[in-house]
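Step one of this worksheet: look at the structure below.
Chains here go by letter, A, B, C and D, matching the order in which they are written, and residues are numbered from 1 within each.
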Amino acid sequence: MSPILSQFFGDSAANLSVTNQILTGYASVGSTEVAVIGTVDGTYVNDAAALQLAAHVLDCVQSKPGLPIVMLVDSAGQEPNRTAEMLGLPVYFAHLLSCLQVARDAGHKLIAVATGKAIGGAFLCYGMFADSIYALDSAQLGLMPVEAMAAVTKIPVATLEELSKRMPALEFGAKPFALLGGVQEVWPADGALPDLLEKAIASATTEDNRALLGKERGGRTLAYDVRQRVLAESAK
Amino acid sequence: MADAPSDTRRRNKAARIARVQSLANGKIVPHEKTADLLGQVIEPGDILCLEGDNQKQADFLANQLASLDSLRDIHLVMSCITLPDHVALFKKGMVKQVDFCYAAPQGTAVAELLAAGQFPIGAIHTYNELYARYYIDLTPRVALIAAVQADRAGNLFLGANTEETPAIVEPTAFSDGVVIAQVNEIVDTLPRVDIPADQVDFVIQAPYPFHLTALFTRDPAAITDVQVLIAMMALRGIYAEYEVQSLNHGIGFNTAAIELLLPTYGEELGLKGKICKYWMVNPLPTMIPAIESGWVDTVFSVGGEVGMERYTAARSDIYFTGRDGSFHSNRPMGQLAGHYAVDMFVGASLQVDIHGNSSTVSKNRITGFGGAPNMGCQPAGRRHPSKAWLKAGREANPGPGSIPGRKLVVQIVETFQAGRVPTFVDSLDAQDPSIMSAMQGVPPIMIYGDDVTHLLTEEGLANLGACRTPEERTAAIRAVAGYTPVGLQRSAAETAALRARGIVKFPEDLGVSPAQANRGLLAAQDIKDLVRWSGGLYDPPSQFIDW
Amino acid sequence: MSRVPYHELKARERIAAICDRGSFNEILPPPERVMSVFLPELGIPVSFDDGLIIGRASLNGSPVYLAAQVGQFVGGSVGEVHSAKLVGLIESAARDKIPFVMLIESGGVRLHEGSSGEIGIAESMRAVFACRTLGVATIAVIGSDIGAYGGMGIFSACCGSRVMTEHGRLGVSGPIVIEKWMGKQAFDSSDRALIWKTSGGKTRYLLGDADVLVDDSTDAVRAGIISLLGQPAPVTLGSVSADQQRLEARLVQFGKTTNPDDIWTASGVTDIAAASLASGGEFANSYPKKSSAQ
Amino acid sequence: MEKFQKSFPSAPLAWPSGKTWSLAGVVGSANLEVLMEPGAAADSAEFDVQTSFPGYQDSWLAALSDFSTHYALGGTKVTIHDQGAAPVVITMRLRQALDQLIHP
């Protein structure tokens, strides 16, 4: 069992199962019982993984009404695969999100913690859908590392690195991601994680405050205002 | 009298055949023994012809030839240097001289070979020029060719892509040269015999079918509004103006746009039956709507086109087909027809200079000539009249001693290429000195300004054939060269004078409104529309299918 | 004379052709110049609408909030401003209980704006599901050249329903990425026929991922959208439980094949060549939608 | 990125009432977008160009000057975002944007 699970869930981590790096089960955080879904070891997510996670969300909604759902994210992305695309990978991911929405609508709190890699589609397809999102300071968050971005955009690494000093959106990591409002808080990997998680569960609301956070923290300055302008214009 | 010519070549051929007879069962040689066969049949000093043009390639034989290590002193003759295996022959130092037509697909590699002193050029030709020399001073001792099928006797079936095979085989076979054919399969009975076994010495069933490029397929989806505008100007200003009955089209998107406007805009203008009846052109998929709408009487082709096999076979009124019902092409005869028998050539190029010379060279690449110059030139030997030919002739040079008619040689270009590179230049791209010396003083001009009668751009139409002096021609070119540096040097007064004489015409002079120019006018919007027009008979290659 | 197909039109032309005549009222129109701050830093030209046109319109007399992506502009990609306009529009739809319709044309997150576009897409997904919970219809239209890929592929699948044409493609990883990952032998990104069979509208329709498959024309797309306006597709325990079974069955039945023709054959398509050539509407008529294919 | 501004004399354009802008084209490869808005001086057309293909200012100014001469565009401010459009495309987009004002 991965040490990170013991860190969060103590002895109850033993109740969790990890199959093909896909994490599911029920455990306790301090005195709070939670359902857990997630990925470990930076694995890639695919259609089968999405179904496996979705099945557990449905199990929780059906058998443990109202139980908070904790999502741990350690995944390098989705696996580019011909058969998965043919079968409709976006639909599998959207299905997982639908199940989480059903849980949210049924009163389950959704808390995500990026523990390792939280990259691209793998983060989008469950973790970023939580009510509240947190990250360990050691986690690797973002769209993609600067080198990969340089390769795709044909913009030199040096240019991107220089720009990322002013523009945290281009930087890779937990702290810049928090500046954008993408996570509520960055937690020290060696901190009192159960306490932090329990408090996070207690304080979670279903309001999506990421744009406002991004504005307040100065990392994503336009999103909130543009959205408010649209809402104001459309109300006329 | 011992040195008097007798039958040394015939005896030499017999000796070659005897050397390798053990490799063959009759004429059939297993493909594993190909390198062995080539190594023993070819002799140092041979003129060796390797079949390969811009579409069809004897690629297995080229590959096996390139695998030999000891071969030296070869005089290579071939129309197109296309494959990496062709380049390898030079890298290995096999070739003492090369005579060819076209090298664009390997243009950069060839320029590098040249700079390294590994590319000994005899001359760069046009297609028919090279085929003609096969009968004069470049007759092959050994020819390596490609066919679709052979029977066990060695008769060959060439399928839709006859291309240049007969032009290679005949001079070789009738001068005691050795003809070696790679075939896709060996069968008991051929659909038809294109090359008799008599002219074939060895047949090898290649482990893979010969390579064929879908060179003439243009996706209508990639045609722009600007190209539609130009096509509208072409139809009004040239096709209708001269009532052009017989013609050749290049392979660009501009001519594809014209083909696709015939059943729509052309019909609106009442031109059906008056223009574009006889074609010398490959089976262009973009001609399907015009053919299905009854515009076209006949089409003769230098080669086939991938995917057009069933369509051409089903339209035997239009295309030339064999007794078996399938399509037939012939490159040298098509080029000859394009030279003498059509009233108009329409081409495109990457660069046009202020004299109207055009070229497809770009810096430091060897491209060569191919077939366009055979058709994009004035056939001074022509004697049969036509309305278009006589009208262009009257405009050009009325006077004693002048040819009464002129072929319409039309160059269509946009003033800028992709990336805002101007098409019009003061002088054609300066070549690397090694390339210039390799050309032996022949400028890399595809179509000479003197031969061009019309230059058409999105800005306007210039009748160069009607210009009286070289200065006037330059002024007319500047007038339609738009906002390129060449165009910006025009004088408004000169342009106005040329316009008054009808030598320069802008869209409004031709009754064309740029606001109307819209892709919606095209008879087909994409490849799928072409398939539909064909009644499901056109089978586009999978790289063109987006449904 | 043939008409220009939906996939060839630009976003503004699509809007004009699909909405009731003259009914589109743009929110934050070009003169507002709500544009990317990232692109100028990278020497890339900006666009007045940042590649997303949003507004209110009517369709067959019913009000809708409509968004359309401009595929030509940085691949229809989603950056900070682009996503903020989108989120604002979806939230307007939720607030006013008016259907949300989006003409998708995007490869996903705008790499040049890094994680801000990614977070923006996540916010859009939250907003779309909020609409669905409220019973507000959310409709993705996929019929452009670029299709719906990456984060926008997932977003499209999050919408309550999808209108596709035979030209539309829905996926996560694009062909070039798959070829890079799996090798050219396994997936040749220049084989367009294979690409469309893998991710194109017809296969998506047969599997039930596209609710409506229509011709590649603005009239047909308009009719397709109108047919879905009254179908909000809320997510419920019942609906997602059924989806769970359906998607598991799909994985069992086809998870071992790479050949899309297997799906077609299993869905009752006998003449694959003819079906390939059929327009979206013809195809849908030949193979009417069952409750769901699998 | 290259930016330049220039005004050319042009006959006054009668802006249709209620119309405050028109837009044509998109920013994309070899394309551009043109935004027309009311300008300051009734007898001149103001152009504000930014292009990611630097080095063609002469050709741009010649095309814009010709357009201002051929069409009544006075009292209009034209902002252009360009990604390497050929002059014919520039002229075409200007005309499309203008058409929306002349035939609203």
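Details
Just so it is clear, a contact is a pair of C-beta atoms (placed from the backbone, for glycine too) under 8 Å apart; a residue touches a chain by one contact, two chains touch by 3 or more.
Everything quoted here is computed from the prediction, not taken from an experiment.
With contact taken as defined at the outset, chain A and chain B are each touched by C. Ranked by how close its C-alpha mean sits to the mean of all protein C-alpha atoms, the top chain is C.
If each chain is reduced to the centroid of its CA atoms, chain A and chain C end up 24 Å from each other.
Centre-to-centre separation between chain C and chain D, using Cα means, comes to 33 Å.
Inter-chain centre distance (chain B to chain D, centres taken as mean C-alpha positions): 42 Å. With centres set at the average Cα position, the gap from chain B to chain C is 43 Å.
A list of each chain pair in contact follows: A-C, B-C, B-D, C-D. Chain C makes touch with chain B in their complex at residues 1-5, 8, 166-167, 190-196, 200, 202, 273-274, 276-277.
Against chain D, the residues of chain C that register as touching in their complex are 10-12, 29-31, 40, 43-48, 70, 72-73. Listed in rising order, the residues of chain A touching chain C in the complex are 47-48, 51, 54-55, 58, 61-62, 78-95, 97-99, 101-102, 105-106, 120-121, 123-125, 128-129, 141-144, 149, 152-153, 155, 159, 163-164, 167-171, 176-177, 180-182, 208, 210-211, 214, 220, 222-231, 233-235. Contact residues of chain B toward chain C in the complex are 221, 264, 518-526, 528-529, 531-532, 536, 542-547. Residue ranges of chain D in contact with chain B, taken from their complex: 30, 53, 56, 58-60, 62-63, 84, 86-89, 91-92, 95, 99.
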